[in-house]
Amino acid sequence: MITTGTAENWMENFKELILQNKDELTTLDQAIGDGDHGINMARGVQEMHAMLQEKTFETPGALLKAAAMVFISKIGGASGPLYGSALMKIAAEAGDKAELTDQDLLACLEAGKKAVQQRGRAETGEKTMYDVWDPIINTFRGEETIDWKAFKKAAEQAVDSTVDMHAKKGRAAYLGARSIGHTDPGAFSSRLFFEALADAAQEEN
Amino acid sequence: MITTGTAENWMENFKELILQNKDELTTLDQAIGDGDHGINMARGVQEMHAMLQEKTFETPGALLKAAAMVFISKIGGASGPLYGSALMKIAAEAGDKAELTDQDLLACLEAGKKAVQQRGRAETGEKTMYDVWDPIINTFRGEETIDWKAFKKAAEQAVDSTVDMHAKKGRAAYLGARSIGHTDPGAFSSRLFFEALADAAQEEN
Amino acid sequence: MKKLINHVDNIVNEMLDGMTAAHPNRLRRLEGTTVLVRKDAPVTGKVGIVSGGGSGHEPAHAGYVGPGMLDGAVAGEVFTSPTPDQVFEAIKAVDGGKGVLLVIKNYTGDVMNFEMAAELAEAEGIKVRQVVVNDDVAVEDSSFTSGRRGVAGTVLVHKIAGAKAAEGAALDDVHAAAESVIKNVKSMGMSLSPCTVPAAGKPGFTLGEKEMEIGTGIHGEPGVERTDIKPAAETAEILFNKVFQEMNMQAGDEAAVIINGLGSTPLMELYIFHHAIDRLLKEKDIRVEEAVVGEWMTSLEMAGVSFTMLKLDDTLKKLLDAPSNTVSWKRG
Amino acid sequence: MKKLINHVDNIVNEMLDGMTAAHPNRLRRLEGTTVLVRKDAPVTGKVGIVSGGGSGHEPAHAGYVGPGMLDGAVAGEVFTSPTPDQVFEAIKAVDGGKGVLLVIKNYTGDVMNFEMAAELAEAEGIKVRQVVVNDDVAVEDSSFTSGRRGVAGTVLVHKIAGAKAAEGAALDDVHAAAESVIKNVKSMGMSLSPCTVPAAGKPGFTLGEKEMEIGTGIHGEPGVERTDIKPAAETAEILFNKVFQEMNMQAGDEAAVIINGLGSTPLMELYIFHHAIDRLLKEKDIRVEEAVVGEWMTSLEMAGVSFTMLKLDDTLKKLLDAPSNTVSWKRG
């Protein structure tokens, strides 16, 4: 069950996890990108945190939409539009419901996944964050309730699966086969995104 | 007694000494100048050597004039005009004599010293090559024959005397008091110039 | 990291204010944004041209804002695409009624952010068209990937689209001129040393004392090959051959050429590099009226050079030679 | 030492050929020399202007050869004054019958070599006058020493003397215009990292990871003070205050300002530096129409910046704004 409070915890947990892993994200991006993913995400979550401190929201959807706007206008790079578009669609799917069941939530995440796919013109196996979004949502699609431990585990495995991939999208694609052997930074931050959600949802229960 | 052969040996000895001390000269110039004195002088003596291989001369004066022209046109920087002007005046003073007595030679060196002074607007104690030229020529002025060992010793002492000087001319002057404690690079190369002469003259005897 | 900066967080802001302070009669900053526009923007009856991207490539892009080139430049954080809202502000500020062309360097982030901005602008009834510059032949071309990067050739797109717009051409024609540059321009770079994104505090990659990297991107993206350091002439040959092989050029053709320093390579070395390029051009009998040698699309303080060649026809040449009066590109 | 070069001995030669190859319609190399002159030199009925010095300061001096500035530039070895015979060749090639002005930076070597060239030219009946630029206030002024160094302010002497000559003025008047710049221009620099003379193969000095040097010369001559690295704004204040204090300026006066990168400092940082300078100018109420920010008088790949200020009167301003069309300085 996702309330406005859960949504807020989700975003705040995400902030914490990003800040804790900022250097790691940057290091990953230095290996196969341009070394700013940690910096970009940290900027975004800090701005989002500041916004959440200021405003109050009636519904999860309203809160997530506001978060989406911050991500879109504060991150830039590839990750800004991707997380921004995903959250925007998640919020749209959430509509003005005061609470979301796990099924509602899965529908939201499905919408978010599609946004990542469309905005990034991403396919599976291209070594991007989509390789976390897609398998997770596929795994839990149709479930009544989410097993949050399994959810986190799935996110972790999805990240690991990017190591052997040959990048086809994003900056890592410029490396061709040299991209193999590295974890995709956006996949890693996406795992944090889902981990933050799992932690928030578990607290709730 | 300086013959054309002695003059040639003088210049060839100078070449050898410069090349042997090229790095030392550069290091000295890095400390209080721009780090090119060894490079400049090496370029000059190599070109001079090439010229001497090609041409033959009737008199010491003719040979030294040709050496002067090479120095003027190949060294540049401060040292080019200074050594070039000095050798030009030395050559002019030598005139077309086939042999120079020690007294003739001292008159030549006196002319060379004046050229350094005029071209560089140098005074004693300003921490330049003039602080080698001036004391050496003063020490031996009026002597009938030159004691070459003493001559070399005097050159060495003159160089050492520059260490404590506060530079007033040349690049080292920009350092003000920070120039104190360093040997002047042009003084060091001038010592080599006089050492080369002493060695050539001693061989002769 | 040794940089002449104040606070890491304030770099882009101070840089932009420094630019308007230096060039108050040319540039104006849209308040509360990271957008610099022509002092007199919008120019009524002229297609507006907006470009931009991450900061750290100066003089790109603000150095090319002015009559005959760009109307607005949007600056992101260092090496990070600007956000859609900023690009949108630029579009609104330069639209003189004939629509706006966006010149985007082909990076996923730039493409997505500019695209979102275009969606916002179109929703407000502003005509927007986009071109995506992808001149970097170091990257394999493929329709299955995000494709080739946009690098120094972008400046020629600015120049030629800018000249077309200055003629009073319609948006579609300005768009076509830009596309025709993109079709005919290729570039490739190399680096001798990396650069440090200020907020990261450490270099984006490392190179040994005797190593160089061929094909490095302008954000320090790793290149295609790491080799022992080579003489300038040999390096020039590698870049030239790769670029030339991707172009459809014959003896007697005319080209524009940019020798682009990436940041800390002295002009002296760029001219030594061009000396080698010039021979290769003469061998192939390619005519170049004047090579453009300097820093046009940099990577902070990276050492290295890129080589750009644009095949010219009469139309492109006329537009290239047309007057422009910007801080960093003055012609005619 | 990582440089994009071929043989150390051939650097200046290839650079000069690279310049004429890049700019064949602007520059011509006098055969067998290290002199570049205007393509159309000598210009009959115009005073010729020759400058030059050691190489490694590009775009100085060849980048300033062209209509409205220099007629010839003489290149020495890296950081080493050119020789009298080379300067003499330049003088002969640019004398259009009205005599030649030599613009010399105040270094013992430059002064002596140019002076010898002037003697040679006068012996052949060419009228020659000289000015010696000494704008670097990092060095104490004194008539007992060789005095202050010539640095980036030299470019303003080229510009203003060049404009005067372009008007058709007599040698004495061109000389007077140059002297009036020299009297009113002051500069000071700082460095964050040293540079390596290619033939030396190692840096001219060393600086710790957290050190900077105030007052460094453009040949890597040690500066006046070594301190912990400071924020850009504080660094700007040190340079500005020292320069300002040596000038005779009042609130409301007008000045020309150059923010000069020494080689590897990104344009981004130069604008951040200027952002700080701009505030100081406003505090003192000094008007600056447009600051010149870029690389004008470099020191190979040294990191650092210099600040130059010229007090303007109506005459100087008119000459500064007059058209010039050289590779690196285009106006009007």
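Going in written order, the chains are labelled A, B, C and D, and every chain counts its residues from 1.
To be clear about the criterion, a residue touches a chain if its C-beta (ideal position, glycine included) is under 8 Å from a C-beta of that chain, and two chains touch if they have at least 3 such contacts.
Note that the coordinates shown come from a computational prediction; the quantities given were computed from them, not determined experimentally.
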item	value
Number of hops, chain A to chain B, where each hop joins two touching chains	3
Centre-of-Cα separation between chain D and chain A, whole angstrom	54
Chain A and chain C: spacing of chain centres that average the CA atoms, whole Å	32
Distance between chain centroids, defined by C-alpha means - chain C, chain D (Å)	29
Shared interface positions of chain B, touching two or more other chains	none
Chain contact topology (line, ring, star, complete or other)	line
Complete list of chain pairs which touch one another	A-C, B-D, C-D
Sites on chain D touched by chain B in the complex	54, 76-86, 107-109, 112-113, 115-116, 138-140, 144-146, 149, 197, 199-200, 204-205, 217, 219-222, 224
Touch list for chain B against partner chain D, complex	26, 30, 32-36, 39-40, 43, 72-82, 85, 119-120, 168-171, 173-176, 178
Chain D partner contacts - residues on chain C that touch it in the complex	2-7, 11, 14-19, 21-26, 55-56, 58-59, 63, 192-193, 209, 212, 229, 231-233, 235, 259, 263-276, 278, 289-293, 295, 298, 300-301, 303-305, 330
